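Note that chain A is present in both complexes that follow, paired respectively with chain B and with chain C.
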Partner chain A sequence: MKKRPRLYTALTTVAPKEIQLLERRLFLKRSLSLGALALLTGCDVTDVDAVHRTLWAMSKWNDRAQGWLFNPHKLAPVYPDSAITKPFPFNAFYDEDEVPMVDSGKYKLTLGGLIRDKKPWTLAQLYALPQVSQITRHVCVEGWSAIGKWSGVPFRYFLERVGADLSAKYVGFKCLDDYYTSIDMATALHPQTQLTFKYADQILPAKYGFPMKLRIPTKLGFKNPKHIAEIYVTNVYPGGYWEDIGYNWFSGL
Partner chain B sequence: MNNRIFAAFILSLACPHLSTAAEKSTPGASGGQSTTNEAEMNKTIKMESRQPMNMDEPMPTGMAKPGMKKGDVKTHAKKQEATMDEMMRQEEMKQSPPPPH
Partner chain C sequence: MDTDIDDPPRLPSVVIHPLVVRVCHWINAFAILIMILSGWRIYNASALFPFRFPSSITLGGWLGGALQWHFAAMWLLVANGIVYVLYGVVSGHYRGSFFPVSPRALVNEISNVLRGQMSHRLGVYNAIQKLTYLVVIVLGIVLVLSGLCIWKPVQFQGLAALMGGYEGARLLHFFAMAGVVGFIVVHLTLVVLVPSTLLPMFTGRAPRDSTSPEGGP
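Coming up: the complex of A and B.
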């Protein structure tokens, strides 16, 4: 008698209901692939403008869908100290020896847009705010991820403190390295979104964004601006550097 | 046409999940309250050095498209600022109460 393959034998021990669930997942996955294929067959790839317009419209729709699906109460996974990645990778659009140096004595955080109290904040004032820590995973759109320990003030606390219009749609960031980006208000108010002053219990090193960065464990790494110089609140779509050249704006995890 | 719209919808829902490699685990909370010492901050600053950014060099990140240079960010930021500043000024004018007579 012919011997059954090991995989088949293993499957016979699985309850029929679980197999049905697996098949349903497979069906959904294949439907998605088929949907993508069907869409691509409708594109004339020689018409570059039309392709860009289609992709841009899809990305915008993607933003809306992610906004609807975003659960403001669902926390990103947290990890033990032992899971921290050492060394934590540096990544930017410039080299590590070109990281901007900031004079902490002269630095002031500027506020703009729909914020009631727009007085600038010194570092000493910012550091006096209550701080919390999180050990979370930074996920890069390039395909790598790393776990780090970040400490700072919950961004929601800061926005409430300065009287930001929490019903506005966007929070934008201008950075000292000229980088700019923006996020949705729901993410800004998420309990793990943090205005970060420390990495691994030390003052945030320049390469990780001194004097402060925004840590958002529910979004891809490029949505975590470093060296923040200005924060503004608005209903006007602010975009971002990578977002304006085609990367998805919401970029949720 | 309807099939195409449906396919776009399905794809748009799937994209964020396909593009990330985020590991799933049990959520929780971490950390306690602390504040940051300014003396500690000054010590950190003195330890670091910097070279001016070479704006004409290609970007060293995998996110960059061919031909993109480090200086492109500054150029885009200036354009974006000029556009946004005007729109936000109008937005703030609409929101602020009229001046007293």
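Coming up: the complex of A and C.
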């Protein structure tokens, strides 16, 4: 999760749908408007649109290809304590001093969509769930990677506990920092996918996503939402903050 | 007996590059160009070394755009590469063109080059050319495999482990790219120095004289 220009984030709060379409066009224009356009000399605007449609279609095709490649039983490599990256990098679409401060007393996790028991969860209730730890590699879409230790409840356990429809296609997340993303059900049920409450055995600090993040060692970093406020299960493609402007949706590892 | 068969008229040209090789070459050139230019943009998002590629010579406009180009063109690169390598092996094209590369021939050729005497016959590769083409084919395979390990370091963790894991695969991917870019620079320089090599890469044909040892420059 890296910075997306401020202008866009400010505008999305005004008229989300129209602006998103507009900003997508702007980003797509930029994706072609530079020196390497020499590749496509003689192209008019229609051709440029055709190239963009082709690239988006290929990204959708790559979602499917990755779904086939994804082995739900294959575990991400785990590492010893000595391999942990210190300090673990902070990364978001905003600066560290803009990290949302969440009041743990007032916080409630809300549930939506195809879930039987939509009763909201307090932090105390969440912390009472059985927890496991993992030391895995976080891989950023930018290319860098870092190893960290995360603890929390296996997400599959949580989904089963609240009676989520496990045959649905997607699990979506809405976050307190206005971030949003979604994942495929197969990855949600992967044994290492974890609703995380702790980093390095300490309550998750604000900069790493307090009160909770979803840790998915089989997906790129931006698919690991922080400061989760709502989890919902759906069959309607929910997209995501970065996915809607061009990052590949599946982004599996 | 028909005299035309016994003594056919001398052909003005001969095929030195089979059609499959030519088609694969140009598809590959297009795919490689997209992969390299978008790859530079992706590199810039998190540079491995203390330099970045100038944005103006990259493709994609931003990281997301570059990734879209990279992950679209990879299918073209790999599909075309598989056709090319299968053809090269099955048809005997590699055996005929790239093998054998004897150390002695290589030494001879290097000493020729040092004395400013490059041998070049269209369609016939000298020892340096044979070795170079073999190396760049291997680099291409390394690029695809290391790319696979960067894209899917969990699914292909066994292969990634051979490269030193995810970060090792990144380094290997970078250096293999640098090797291919070096090859392209030399390749294009030689085309400029010996322009008669360019047309046959489209037509496949070269004047008969130019392919015989006597006719070479």
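In this section, the second predicted complex is superposed on the first by the 207 of 253 C-alpha atoms of A that agree within 3 Å, B and C clash if a C-alpha of one lies under 4 Å from a C-alpha of the other, contacts with A are read in each partner's own complex, and residues count from 1 in each chain.
Everything below uses one rule, namely that contacts are C-beta pairs under 8 Å (C-beta built on N, C-alpha and C of every residue); 3 or more make two chains touch, one makes a residue touch a chain.
This one's a predicted model, so the numbers in the text were calculated from it and none came from an experiment.
Asks: Which partner chains sit in contact with A:Asn71 here, chain B, chain C, both or neither? Use first/second/both/neither.
Replies: Once the two structures are laid over each other on A, A:Asn71 reaches chain C alone.
Asks: For A:Leu55, using the defined touch cut-off, is the partner it touches chain B, chain C, both, or neither? Pick first, second, both or neither.
Replies: second
Asks: Name the contact category of A:Pro89: first (chain B only), second (chain C only), both, or neither.
Replies: Neither partner.
Asks: Please indicate which partner A:Pro120 is in contact with in the superposed arrangement: first for chain B, second for chain C, both, or neither.
Replies: After superposing on A, A:Pro120 lies clear of both chain B and chain C.
Asks: Once the two complexes are aligned on chain A, which partner has more residues of chain A within touching range, chain B or chain C?
Replies: The partner that reaches more residues of chain A in the superposed model: B.
Asks: If you stack the two complexes on chain A, which partner ends up touching A:Asn248: first (chain B), second (chain C), both, or neither?
Replies: A:Asn248 contacts both chain B and chain C.
Asks: Per the definitions at the top, what is the overlap between the chain A residues touching chain B and those touching chain C?
Replies: 31-32, 34-36, 39, 58, 62, 66, 69, 74-77, 137, 139, 141-143, 145, 242, 245, 247-248, 252-253
Asks: Name, in rising order, each residue of chain A that touches chain B in their complex.
Replies: Interface residues on chain A, with respect to chain B: 31-32, 34-36, 38-39, 42, 58, 61-62, 65-66, 69, 74-79, 91-95, 97-102, 104, 112-114, 123-124, 127-135, 137, 139, 141-143, 145, 151, 165, 172, 174, 177-180, 197-198, 202-203, 205-206, 210-211, 220, 222, 232, 234-236, 238-239, 241-242, 244-245, 247-248, 250-253.
Asks: Contact residues on chain A for chain C in the complex?
Replies: Spelled out, the residues of chain A in touch with chain C are 2, 27-36, 39, 54-56, 58-59, 62, 66, 69-71, 74-77, 137, 139-145, 217-218, 242, 245-248, 252-253.
Asks: Hey, which residues of chain C end up touching chain A in the complex?
Replies: It comes out as residues 33-34, 37, 42-43, 45-46, 48, 55-69, 71-72, 75, 150, 152-155, 157, 165-167, 170.
Asks: Where on chain B is chain A touching in the complex?
Replies: Going by the criterion above, the answer is residues 3-4, 6-16, 19-38, 40-45, 48-54, 59-65, 70, 73-74, 76-77, 80-81, 84, 87-88, 91-92, 95.
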